[in-house]
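Below are two complexes that have chain A in common, paired first with chain B and then with chain C.
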Partner chain A sequence: MELDPTETFRQEASELLDSLETVLLDLGQTPQDRDLIDAAFRALHTIKGSGAMFGFDKVAAFTHDFETAFDLIRKGKIDANHDIVTVSLSARDYIRTLIEDPDSTDPIIGEAIVEELQRLIGAGPAAAKNAAPAAETAAEPAPGNPASAGWRIEIAFEPGILRNGTNPLVLLDDLRALGPCTVEADLGAVPVLEELDPETCLITWTVTLESACSQEEIEDVFMFVRDEMKLVIAPLAAGGQSGFGLDMSMPGDAAPATATAPVVEPEAAPAPAARAAAPAPAAPAPEKAELNRRAEDKGTTTVRVQAERLDELMDRVGELVIAQARLSQIAHSGTDLAIKAIAEEIERLASGLRDSTMGVRMVPMGSLFGRFRRLVHDLSRDLGKPVDFVTVGEDTEMDKTMIERLADPLVHLIRNAIDHGIENADDRARTAKSATGRIELAARYVGAQVLVTVQDDGAGLNTARIRAKAEENGLIAPGANLSEHEIHQFLFHPGFSTAKTISALSGRGVGMDVVKRTIEAMRGTIDLTTIPGHGSSVTLRLPLTLAIIDGLLIRVGEGRYIIPLSAVEECIELTAEAEARAKGRSFLNVRGDLVPFLRLRDVFDAEGQPDPHQKVIVTSIGDTRVGLVVDQIIGSHQTVIKSLSKLHSDVTMFSGATILGDGSAALILDVAQLVTLGQSRAENDRTPEAA
Partner chain B sequence: MTQAQMQGAGADAGAGLPPMGETRLQVLMVGLGNEIFAVETDMVREIIDPVPVTRVAGARAFLPALVNVRGNVIPLADLRIRFGMPKSEQTADTRIVVIEVEIDGDPVTLGLLADKVYEVTEVSTRQMQQTPRLGSHWRPEFIRFITKWDEEFVIVPDMSRILG
Partner chain C sequence: MANILTVDDSPSVRQMIKLVLGPAGHNVVEAGDGSEGLAKAKAQSFDLVITDLNMPVMNGMQMIKALRALPAFMGTPIVFLTTESDDAVKQEAKAAGATGWITKPFKPEQLLAVVAKLVRA
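Let's turn to the complex of A and B:
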């Protein structure tokens, strides 16, 4: 399954298409950027190459046409513009369809896209059709110049090349197959026998190949080791010195060297080598950038891992943390110092392992934000509202499952922002705003949480209209005394929509309630703020991870429970005076603030007598606080979250369960629910007082 | 349905022949209060001794607790409450039968509190009799069918419906 090369191609192509999309969108903003054009071209070229290799012929054929057209932009014959980007995006979508579901589409679509692209580029279909062969024929004579003379090839492998099974001799044999060879080995770097490491390849070779073969054929010999070697190919006729040659140690996805010239070394460019015949040598600047990028690539090597394996790893770590908790408990109840020391050591290791495992699962938000640029681009075109889409904090990292689950809610919010938030051009002109709207998607850390905000500079929420709609729907009595914030909460009501007309995008009244539910299922909160005339912003407050949290272990009656530490503000003792002052009502005076409190013994129907010294844990969600009265605070606990069974989906007070050191299960309190419960009880308390 | 037929079918199964359609069903005999019912072995994962339970406040009465079974936190169902039987104290025979049932299309693992677990046996789905006079605890919609075991009537309950 993992070794299925087709699957690997699909994955790789999918990533390439994603980066192509990003690059194209960037290109729409800075059409002159050579780096971007080259990057787009490289992505296309790799898709074409590996597509052909894995039998995706349709993909290869279409990408070839697309690439040919795009080549004109790359060679600077024409500039990219907004229309070209739009067509290129649809071409990119078409390639994706060809890869994922080739049967569902028709080649006519592809032809239409290519024609459109050619029209925009200005090359008639005929010219463009010629362009492809032209590029190839141009390739032939250039390296073909020294046809009879042959090639001088300098080969230097990276020292470690033998360890991954590459046999240089086999490659040399392959070269021999192209024609008569003279191979000279340079042993200069090989040390004396005592210091010799037989697994290190220090020999370099110079091969004189007397063959009329093309340069591509020579490159093909080294196809699989190009990243790990320095290969210099020079035609013999041009003097045979490397100075005139081409540095071919580019990564494999470099543009085809035969037809194009971005690989010409800057210092080689002025030399009128035979290669100068190649069409339009690129300016040295992108070449430099390319070299820099290559240097960066070497610094950060990455490994591609299947997501399920990471999940499995996380499960194992979860079990380890639980087992370690049991070990610690046993160690601390005994007197054996050696065992205590080991238990502490293992605790340290387990928590380190936990952190690194969670770190591995962390993905920068940028990967998610990138997806929305296309959404904004398309929506802004469809709705005729020009929009500047700004993203902030792309490197904020979150657990990958969280990021995946965040995608849909954010789509809703961004759609809303464009469709409802940003006014149409006339209205914006009337209010002296710039014609282009602005949507900012930002992420930042706040403590152990991540804040994600979607902000627009539109008209803001129409509180009066929301209120009218709520009254119409019978959600509130006419004239009820509500704060703006309370009125805005109706937007999260199922089926609530104030849109006067239902558009394809929004106004159906599904959406905000789903967004809210999704966010709450992720143990997050959602908040809406608005300034009339200046726009509104939605803030999502999310935990960093779903798998393991720091919790506070407490006891209520016989039962032990976990309160997420991120929700805990402080712990205080419920003194007899405080209780007396509360006069049976559930309020507590915390440094001058009245905080409602809940006796968890009552909430959970605990049996037995309460402990003499009850403790209050002050928890908060957003701006609201509530005190939870417990019998005992046991201590902090690394909590591996297990979700509750479907059979317990009707239980609202708990968000999950965990396994304690002694192997028994403990429930994790859903603080948001308890805060709501506490607030509503407090309301009930207030009402009789008022009466 | 005769004894001979039953034996015949049993012999067939013993000879390694494929089971005859839907007629044979391998079940686990479970005692609950004074009654015995049969749980299809297909859904039984394991049978464990009682473990400490964690009470879940606010849950439905017949799903009062959670247990940890090998690192999985699963609900513990007390069907006696579901069937309106009197509650009895835990004895040396008490076991937890871990089963997996499909509820609304999702597989759900849970523990069943059993007063006694007897044996794994085969019953015939053809041995269905007209509904005999049973303990009043059994609501008809909870019953998948009724069969006979050792001359006694036993109920094969419809777990998905009971739990759903």
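Let's turn to the complex of A and C:
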């Protein structure tokens, strides 16, 4: 499949611009970090270079000024400061539009950005301005020699030259291409056959070239080996050209500029001044560090596969897992040992394939976290609240689609944290907090789930105000007896906002309920905790993937259902004794804790007689537990999740369906919904008692 | 005509090389990093290797050294791509066994010129 080359450039540039943003933001915090400066320079350099190769001339031209600026910073001529970082961030955005939607760009904006940059750089030493044009003009060929009748060229390579893949014959051929040559080889240094090392080049040559070519053209022939040879080029003293004669000595020991300014190097030979300014020994070390660093950075972007292909692969694997379940079922119901062995082998392979396929879809959270740094930077500037943004667990991996769906909810949460959570500087000073607020975005694994937390060190939730607002909105009766945790749940109510004024950023009350719904649609949960005066934190608990889960297959009446194993805490038997103790109310004593339970037979209106030994599956969402009473626990099941049709989108109790080994379908229970249902029934059970 | 191995972690650069050298009659084989390049080099012989230096997994320097240790690659021209016009990098790569270099960004003509220089049809 051949992609449009410019499309490849776009994708690549987009990644480079993302990493540039990260680097610039880091640089804003540690302006002296050489690695970061180098990385920024490199990103700009590559964008400019590739842009020029792929015909994005505007991009190349615009990027040039910033590349120059970072080159100067890199060479220590000017310092990276906050202003330069800010203007570079705008430049980065402008480059992005230039690449993605050039028609929508306004050249005036671009010019303004460049002018701002020039102003900032202009403040630096005067050398700053001059270096760029010098580097540009250096590529111009040095004044060539007037055409002569020809040249006499003496060639002596270092003996090891053959080991570099250099073929002297090819070079002689190249000379011949310039004009008729007479080549004389001096074999004087070549030893006798017994002592001959075929990898050592001891022959020297003298070439008489009859050509009107310039000296540069001859030097170009040897461009790659210029440092590993002795080359003497002298014009042939012929018809009126004698003026140069022997004086035209060879630039063999000349400045490096001559040696490294071949045709393929439009940017070689930087102004000698610039070169001298950079301490020579210091150069290689950061270069190496950067090399390694870049290798690490690039680790995540080596294979490019279209997302649809991954989805397709996942679908296939899903079908394989279903087919394998059927095979296992048939094998185990028969007596053929050989088939059983094969079925087990295939089961093992299918589960391995499932894990690797899911692994391929996994993307580190870092790619998502990076986006928020810019958000925090801009918000903190707009709101005048300095904020330290800390991210933890960038390596935590999640399914790609999950990560994409997580972006919007996290934007809301981070905005809230800065806008509502972090106090303004005066308030912070009053409470003896540091003037700079802190927001931590963290991700970590907990079992088969990922925990994402957004934590701020602001004022914390004002429980009294939330309560007042809830009463005002008629959500609760005045004076109702609610725990703090229950009161905080009102924040997730549609249209609920306690913000005194509606800012452009948040406070319109359309955030948290959407966040909650999005997270729950991903089979995740959201929870809020707060310590007044010390900040609050929002915890998202998410499954690793949406495609295949480990499920517990159960039977209720005639129907079979799947409970996600990650929500299952334990399975116990509902003894007649326990039922008697419950006195008709649906509570179960689990080691001293009262856990409400739901009879799924009742919930699903199951027909027929219940099994004599009812089982309780204790499930939990966050800190809330609910027991689900079922007829039979069949066992664990690799559950390939198929979403329900639009027709069933308002069925809340099920989150999807799956196909079982015998080809029949089973619905997947939405445990979060059942827990809520169980809790609300428990409330009803409690209330009459309280009354 | 010539078998050319191009090793670069940037797909756009690989594609550029393929777009320029393919129509010129060369067979271009791509690899995304040094170790992939090395693996392909062991499976097939090449007339020229064009490699980036900064790559994940195995960088260009390491790959060049490893290639030069292979008997089949002792005399094969190896060209590296560099975004820097830094002599130190060039010296290091040459010491590792590289034959020449191409500075990024390059124009199609420049690439063709270098290939023509090192590969004899």
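In this section, the second predicted complex is superposed on the first by the 518 of 691 C-alpha atoms of A that agree within 3 Å, B and C clash if a C-alpha of one lies under 4 Å from a C-alpha of the other, contacts with A are read in each partner's own complex, and residues count from 1 in each chain.
By definition in this document, a contact is a pair of C-beta atoms (placed from the backbone, for glycine too) under 8 Å apart; a residue touches a chain by one contact, two chains touch by 3 or more.
In this text, all values refer to a predicted model and were calculated from it rather than measured experimentally.
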| item | value |
| --- | --- |
| Touched partner set for A:213, first chain B, second chain C, both or neither | neither |
| Which of chain B and chain C A:368 touches, first, second, both or neither | neither |
| Of chain B and chain C, the chain that contacts the larger number of chain A residues | C |
| Touching partner for A:229 - first (chain B), second (chain C), both, neither | neither |
| Touching partner for A:165 - first (chain B), second (chain C), both, neither | second |
| Which superposed partner A:652 touches (first chain B, second chain C, both, neither) | first |
| Partner chain in contact with A:604 - chain B first, chain C second, else both or neither | first |
| Chain B versus chain C as contact partner of A:46, first or second or both or neither | second |
| Of chain A, residues touching chain B in the complex | 319, 322, 558-559, 603-605, 642, 644-648, 650-654, 657-659, 662-667 |
| Chain A partner contacts - residues on chain B that touch it in the complex | 51-52, 54-60, 63, 66-68, 71-75, 77, 103-104, 106, 108-110, 163 |
| Residue ranges of chain C touching chain A (in the complex, touch as defined) | 9-13, 15-16, 19, 32-33, 53-57, 59, 68, 74-78, 83-92, 94, 97-107, 110, 113-114, 117-118, 120 |
| Chain C-touching residues of chain A, taken from the complex the two chains share | 3, 5, 8-9, 11-12, 42, 45-46, 48-54, 162-167, 170, 173-174, 199, 223-224, 227-228, 256, 260, 263-270, 283-284, 287, 290-291, 294-296, 298-299, 301-304 |
